[in-house]
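Let me give you the structure first, and then I'll get to my questions.
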Amino acid sequence: MIVLQGVSKVYPGGIKALDDVSIEIPEREFAFLVGPSGAGKSTFIKLLIRDEIASSGRVFVNNQDVGRLKHKHIPLFRRKIGVVFQDFKLLPYKTVRENVAFPLQVHGILDWKVLQPRVDSVLELVGLPDCLDRFPDQLSGGEQQRVAIARALVHGPLILIADEPTGNLDPNTAWEVVQLLIKINAYGTTMLMATHNREVVDMLRRRVIHIDHGRLVRDEKEGAYHAA
Amino acid sequence: MRPRMLLFALQSALAHCRRNKLMSTFSVTTTTVMLLMLGCFIVVITSLNVTLRALESKIDVVAYVKDQADPAQVQNLRDSLSQNADVESVRYVDKDTALARMRQTLGDKAQLLSQIKGNPLPASLEIQLRFASSAPALADQLRQEAAIEEVDYKQDVVGRLLAITSFLRLTGLIIVAGLGAITLFIIINTTRIALFSRRQEIEIMKLVGATDWFVRWPFIFEGTFLGLLGAVATVILIAAGYQPMLTHLSGLLTFLPLAFDPQFLPKLLLSLLAGGALIGGAGSYISVRRFLDT
Amino acid sequence: MRPRMLLFALQSALAHCRRNKLMSTFSVTTTTVMLLMLGCFIVVITSLNVTLRALESKIDVVAYVKDQADPAQVQNLRDSLSQNADVESVRYVDKDTALARMRQTLGDKAQLLSQIKGNPLPASLEIQLRFASSAPALADQLRQEAAIEEVDYKQDVVGRLLAITSFLRLTGLIIVAGLGAITLFIIINTTRIALFSRRQEIEIMKLVGATDWFVRWPFIFEGTFLGLLGAVATVILIAAGYQPMLTHLSGLLTFLPLAFDPQFLPKLLLSLLAGGALIGGAGSYISVRRFLDT
Amino acid sequence: MIVLQGVSKVYPGGIKALDDVSIEIPEREFAFLVGPSGAGKSTFIKLLIRDEIASSGRVFVNNQDVGRLKHKHIPLFRRKIGVVFQDFKLLPYKTVRENVAFPLQVHGILDWKVLQPRVDSVLELVGLPDCLDRFPDQLSGGEQQRVAIARALVHGPLILIADEPTGNLDPNTAWEVVQLLIKINAYGTTMLMATHNREVVDMLRRRVIHIDHGRLVRDEKEGAYHAA
């Protein structure tokens, strides 16, 4: 599903964010991406959705060479992926309802009779049934984060990528969200979650991909947050 | 599916305008001010053109008839002139009328005429032209006629008048074209600046899988809508100000044949509406493209 | 401390312009286009005013001298007229010269004159005025003179000319004032739209403890700087285009006394620079205030 | 130092974020503000710095009635407080160096010879010595968060308020930051930290102010994240 072959990413200014990373994440896997702040986790994720392009090496997602996607094929490619961005990236002038509905609308589902139940149910799942008509800046940090999660889920993507999705959530809500992600993974969605939440990683014992200073330093099938 | 998508884009556009009233107001006022300026100049320059045409039409060509000319020939000439498309009217002034006029013109110096034997003044054809520009050709043509002694049409004055009027017409055209280009540029530039603050929104939409067109349409509709709003305000202002302005101007310029085309106003207002909407939409289209490419 | 703070604000402003080149470019081009438009109109209308003055100065008043008038009296009148500030020049045309002129004017019809006994034409004072507007008063004054039979100054033509020129002057003034207001509005509105995307920055600065003035100064400097840049571009364009434009116009309008004030251009360019900087700074000041109040 | 008397906050739309909260935090205290997502923690903090005004009740900070501060006195008031915002609020067109220097510049310290060593040392403290000349959008999430922390510290405020300051930091970096805050508190700065980091709260055993649905539900001298 996700394959990186000797991928490096150097940002303008010569900052090396990823350094010769090769990895393979098969379909239906649940993988954690861990590493200290500034290790290159978000950069890794940006490469997967072509928010950035690798400086060298190749990135395959869904059997497509992401770096060589034609401009017009990018939207269709991205619609098969759901992403929770570290900085949420909610649309400021759209309500919560419209933000969550957006990935479906992009798919061509424009009838609110069809959209409404799906939006409602996914907001219910993340614990936000009451703020449908508010704008993102009228929500608390954790509420915004959950809207971002809801938006990533709503269209049932093949791959779900979450960048630090519990950073603004209290432990209980964080656990509920993680349970939800596990359930979604169990139904067949490939999961990649960049996180600093040691508790969650240590408890779940799933695959752990550990990067540090842009290098892959550990890749364990049933790993913990810190190296054993 | 397609019309559905456009409807969705329209709804999104209207929702954004409603939610971001301050910014929408700024865009609309810029459009209104620029279109109002353009519209006023178009009104003035169009009126000027009508006035110029009126000025030009006042040009006379006078053909002096030889005393020994054949009256039938002269009559023929009159008839053919009457049928000439360039000619507004022809009038035959016989020798006696000419003398009577001269007497009148001289007023209390008319006793000078009594010292002159006979009537030295020739009969003439006074030809009023539709357009001053046809004067030289007609004069040349008349000079060929056997019955005509001499042709007089104030060559100098007509030349100047034509030079002035065609210069004024050209100037008017340049001003309107220039102001049109400036209006276009300012509205598009304003749209660019306004959309600059929304480049993150555009980026987010693309990251969530929107196609370029899915992103674009709401912006195009928004630009069209705001442009249309600005044009509506302009149209209201011009429609309300047109009559009072005309009356005032006519009062100020009693000696100038200020003429206005009654069918012109609706045409202008419709053009402004279409123009506002078009520029607004096109401006958004162009501006969004810049942020889509990245 | 105070000048230090202003220096810091200036540095911040320049840094922001450098870091946000796209937006800065948009602001500058809007300023340039609007000032260029205003500047061109000012150039044209100022030239028009000079031309109008030239047109008005061509007005003559002719005072016909009584045949029985005392030559000394006439000489007196000539002298006093020469000293009149409104009078450009005075010329005495005696009866013989008048007759000679008439003969010349009549050309091949001059033989008519030989039938007239004596010289019926009066001597006259041909007075060229500096300004047409002084014609009626001077004519009235001359009519009081014992030596003067009659005064002629084409009352009708002068009236029309004065009406036209004063109307054109007024129109020019209205156009320049109107375009000035529009330029002001558009630049300020553009600044508002540009700053709209920076209201969060302003909010953050205030949250970190910045005073209103600490927030404001960099924006004012930025507006001033961008306005100045826009004005510099305008000035370069006008300075480069002025001479070729003049030459072209003069070629086009040989019959019109197109006159240009050589000291006018530097004045205009300086005003544009000052105006651009001022409007830019004031626009930023006004726009920031809106976001400080919240 | 911080006193709330029967404070309620109702946002437009009738959303009650705080409900009759009375509390007192004395000088030099280190207090945690905990509660589930949407409990009202950020609202609490916004009231303290007059980012929002209480709908009823009174808020005193530094013996000043925050709700009744005159417009022109607000800047001076805010300069005595350092705030780490949940969403960082970094200035996008200023470099890291300039962002961190800003609170000092606001104080009238404009000479880079004076600013530079102070900015350098505080960035060193949060572990970011190398990105002085980058802009916020060229930093990772955790790096941005640490710049925000550095900016809150740099001018040596009387009160330091941090809203979820470790949400984007890995456990090690988070601990370092917390140690730093403890040290600063030890030197006399009053600390208020809204957090979801159970580990940190449970380990430090400082005062815990627990709010839930806008109500004060627990206030313990040496509390844990969850009620005992």
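As written, the chain order gives the labels A, B, C and D, with residue 1 at the start of each chain.
In the analysis below, a contact is a pair of C-beta atoms (placed from the backbone, for glycine too) under 8 Å apart; a residue touches a chain by one contact, two chains touch by 3 or more.
Only a predicted model underlies this, so the values are computations on that prediction, with no experimental measurement involved.
*Asks:* Identify the chains adjacent to both subunit C and subunit D in the sense defined at the top.
*Replies:* Common contact partners of subunit C and subunit D, which must touch each of the two, are absent.
*Asks:* By mean C-alpha position, what chain is farthest away from subunit D?
*Replies:* The chain farthest from subunit D, judged by C-alpha centres, is B.
*Asks:* Centre to centre, by mean C-alpha position, how many angstrom separate subunit A and subunit C?
*Replies:* Each chain reduced to its C-alpha mean, subunit A and subunit C end up 66 Å apart.
*Asks:* Whole-Å distance, subunit A centre to subunit B centre, using C-alpha means?
*Replies:* Here the centre of subunit B sits 62 Å away from the centre of subunit A.
*Asks:* Between subunit B and subunit C, what's the gap in Å when you average each chain's C-alpha atoms?
*Replies:* The answer is 25 Å.
*Asks:* May I ask you to sort the chain touch graph into line, ring, star, complete or other?
*Replies:* ring
*Asks:* Could you run through all the chain pairs that touch each other?
*Replies:* Here the touching pairs of chains are A-B, A-D, B-C, C-D.
*Asks:* Quick check on the complex: what are the subunit A residues that touch subunit D?
*Replies:* 11, 13, 15, 34-38, 41-43, 86-87, 134, 138-143, 145-146, 163-164, 167-174, 196, 198-199, 225
*Asks:* How about subunit C: which of its residues touch subunit B in the complex?
*Replies:* Its residues touching subunit B are 22-23, 26-27, 29-30, 33-34, 37, 40, 109, 112, 115-117, 120, 160, 163-164, 167, 178-179, 182, 185-186, 189-190, 192-194, 196-197, 252-253, 255-256.
*Asks:* Could you list, by residue number, the parts of subunit C that touch subunit D in their complex?
*Replies:* Within the complex, subunit C contacts subunit D at residues 1, 4-5, 7-8, 15-16, 19-20, 200-201, 204-212, 214.
*Asks:* Within their complex, state which residues of subunit A touch subunit B.
*Replies:* 49, 51, 72, 74-79, 83, 85, 89-94, 98, 102-103, 105-108, 110-111, 135, 151
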